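Remarks on the structure that follows.
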Amino acid sequence: MTTKAIAIIAGVGPGTGAAVARRFSKSYPVVLLARSPENYESLAQEINSSGGKAIGISTDVSSEESVKNAFAAIKKEYGDAPAAAAIFNASGKFVRKGILEQTVEEFHVGHEVSVKGAFIFSQNALPLLLKHVESKDAQYPPTLIFTGATASVKANALMSSFASAKFALRALSTSIAKEFAPKGVHVAHAVIDGVIDIPRTQEWLKDMPPEAKIGAEDIAEAYWNLHTQSKRCFTNEIDIRPMLEKW
Amino acid sequence: MTTKAIAIIAGVGPGTGAAVARRFSKSYPVVLLARSPENYESLAQEINSSGGKAIGISTDVSSEESVKNAFAAIKKEYGDAPAAAAIFNASGKFVRKGILEQTVEEFHVGHEVSVKGAFIFSQNALPLLLKHVESKDAQYPPTLIFTGATASVKANALMSSFASAKFALRALSTSIAKEFAPKGVHVAHAVIDGVIDIPRTQEWLKDMPPEAKIGAEDIAEAYWNLHTQSKRCFTNEIDIRPMLEKW
Amino acid sequence: MTTKAIAIIAGVGPGTGAAVARRFSKSYPVVLLARSPENYESLAQEINSSGGKAIGISTDVSSEESVKNAFAAIKKEYGDAPAAAAIFNASGKFVRKGILEQTVEEFHVGHEVSVKGAFIFSQNALPLLLKHVESKDAQYPPTLIFTGATASVKANALMSSFASAKFALRALSTSIAKEFAPKGVHVAHAVIDGVIDIPRTQEWLKDMPPEAKIGAEDIAEAYWNLHTQSKRCFTNEIDIRPMLEKW
Amino acid sequence: MTTKAIAIIAGVGPGTGAAVARRFSKSYPVVLLARSPENYESLAQEINSSGGKAIGISTDVSSEESVKNAFAAIKKEYGDAPAAAAIFNASGKFVRKGILEQTVEEFHVGHEVSVKGAFIFSQNALPLLLKHVESKDAQYPPTLIFTGATASVKANALMSSFASAKFALRALSTSIAKEFAPKGVHVAHAVIDGVIDIPRTQEWLKDMPPEAKIGAEDIAEAYWNLHTQSKRCFTNEIDIRPMLEKW
């Protein structure tokens, strides 16, 4: 029984996650993790019917039990397959409110997914990534990528909740990168600085040309390029913005 | 009845918190918040017996209820007194472990104090600080200071838990600074980059001269200097290290 | 007469510059700029004899006249060809000395190449890059890339000369990126954080495995990947380090 | 003959430099360096007639010879006096222009003062600062402070000239700080992020309240506070902005 390396994408929705899944499915069977099946069902179908292989698993990344169940399901499906790539693209819910206008719950709930969830996902994915280091079939070093945002490096007024979670995620990414690079795992963080062109943002910036938004498929290509870097050239952080972004 | 402005220090232990309390007690009645009375009792006594005024309140800053109770106790003691300063010096418990060696609980528990706790404390202290803006007796703009660490700007291997919390705290500080500066509140974040000379660190660096460690009373002086800055000169971040620190 | 887009590489030596030239020569006629012909002659020959096209021009990038002459020579050879890419890989000479041990000349001479030279090169290359924006044959947005170093973001003791020049170069890169992105030019800065594996560094880290050094050809691949990014996904900064780098 | 420690301020004009000189003259005889006597004459007179002591010396900090002459004049006046503080507040001339609109001279001329000049000044001041380390009369560690700007950490479009020089200056400051801290010299860099309220900026922001600008005398106070820090508490960087600054 062959154990072809897989790619695992956490946080598959109609935007970046789906685009990343499509891109990585050209080379690897993919696992789609999302809270709700409606987020991955049609995508899995699309990939499976176009020559790739995909399975979706309902997962709450903020719950250790849920993530453990997901990885048990992965094992059931793919056996001892190593992971060539693991992408953490999940995000909690955040409010845009002043300190005195938000509840403690509103401030902190997003951290459960974006920080604790990122940790839980990493903890479960890393053993599969390490397995890929040993694999003779490995074409590229195993890669763990975290999706960040403008708020990963810039904390604006009214953004305390989102920015604190994204700053934390960036620190987590760097700490993992330093710990696991010597073991052969490539960890990268992407600062996505701009509006991604997805159904939800269709009405935003609509008087502007297409170069005012980031293409989700272009992010996916950038992630793929990170993945193909050699052991002698690890990029641990990139920023991404559309041509017309002010920064 | 006069309502002399007070200073509130969260996270009073034998080090920075105590030194800050002593320094600010020269000008303001101080409120000492710590989880356990043994952390503030002798300090309160010391301040009260040397001409200052201090009360201690057992508080778990990670609990909204506990912090609300503390501020109710402050109100009971000091009435409608504004706060001239609020210092967040509390820190959660953190492990120095690899990603695969720590539990989810170990990773996340410190965030409850250092991030959520900082938010809760800020949310309760800001109304008192805003009241000081209006106060005719205010000598200096009200000041909210957060104690950071090397890990606030540098995420090393094995430090994922501490660094992610400290990065998050720094983002929170900046976001609050930007929101409340136009309202007259001065918010600052201090990156304490080195070993503080406190009882717990007595054995550390003990073959080195005293300039290898940071003086807790010197941090307190730096915080006081931040507090005395005018509205036309807010410093929002400082770093602090001892003369002999490598960085 | 066709005016096929060209790529111009400043600072071609036996390392990164040569590797970048080889990589870009697969798609574009390349121009090799170096102070001394011995730095480009054999490389130009190699590229020309293996199906690519290359010309070398002796250029001192710190001299406006010299750079203007180089671009006149480019025009003579390639006519009105736009530039698809321009890579600034030149570096001045720097000393590793304390402030009191170096001369003013030693401190400042490297800035002539690394800062002023980068400006002069950009000023001459940008009109050709802008021409590529208009070009119907353009496959990718025109790209201007600057090679940075660890010292671009970290100023250590004894490194005042190199770090100040590299910090300056990074600022220049960002300023150009912000000015020219809306005009369609993609500008990127690469923080090369580690020892590049070139003849000159052969003896360094020689007890370490190959993953302790950065592959020059891997940097070239990363630059190529930056070049192929779409207008909806510009990366303006990447870091690059080998798997075994401590950071 | 006593050799009372002096303070040397480079870049004395009607704003920050003058305010710093006034502040430090309360404790030390001061030396005022400026290119033109009109920049220091009335200030020296003012300080001398109000109980302090000041001398002015015409100096072009970008010229090694000129700076050497200035320090020879200092020696003539103050003998072997150590320097308790040296403040580099000089700035070159910069244009706000696009890359293609400025000349090479316009781009680079400001670097001569702001980068090379800062180096030359440091090289000449450091021996006097080191002498203060040994001095039994030293009340505070000798302090070398560099005045930075928003552009020290943010490189905007059209600001290539200023930002590259200010980034370079910041790197220089950090490198000196790391080299000389173990020798007892405290080096700090101040990111002045906002409009300073000086005669030249009188018309700027004039519909805004006074808190929209930075008070030059408040910067001076912040510099003084940096100077008074102990060896166990060196701050190497502060930011400064007025209450109403957007950032």
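A, B, C and D are the chain letters, set down in written order, and residue numbers restart from 1 in every chain.
Everything below uses one rule, namely that contacts are C-beta pairs under 8 Å (C-beta built on N, C-alpha and C of every residue); 3 or more make two chains touch, one makes a residue touch a chain.
It should be emphasised that the depicted structure is a prediction, and the values quoted were computed from it without experimental measurement.
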Can you list every chain that touches subunit C and also touches subunit D? none
Please flag the chain sitting at the greatest distance from subunit C, going by CA centroids. B
Report same or different for the subunit A and subunit C interface, where same means the shared residue numbers exceed half of all residue numbers found there. same
Roughly how far is subunit A from subunit C, going centre to centre by Cα mean, in whole Å? 31
For subunit A versus subunit D, what separation do you get between their C-alpha means, in angstrom? 46
Which positions in subunit A are in touch with at least two other chains? 178
Which pairs of chains touch one another in this structure? A-B, A-C, B-D, C-D
In their shared complex, at which residues does subunit B touch subunit D? 141, 178, 181-182, 184, 186, 197, 210-211, 213-215, 218-219, 221-222, 225, 229-245, 247
Could you pull out which subunit A residues touch subunit B in their complex? 64, 98-100, 104, 107-108, 111, 115-116, 119-120, 122-123, 126-127, 151, 155-160, 163-176, 178-180
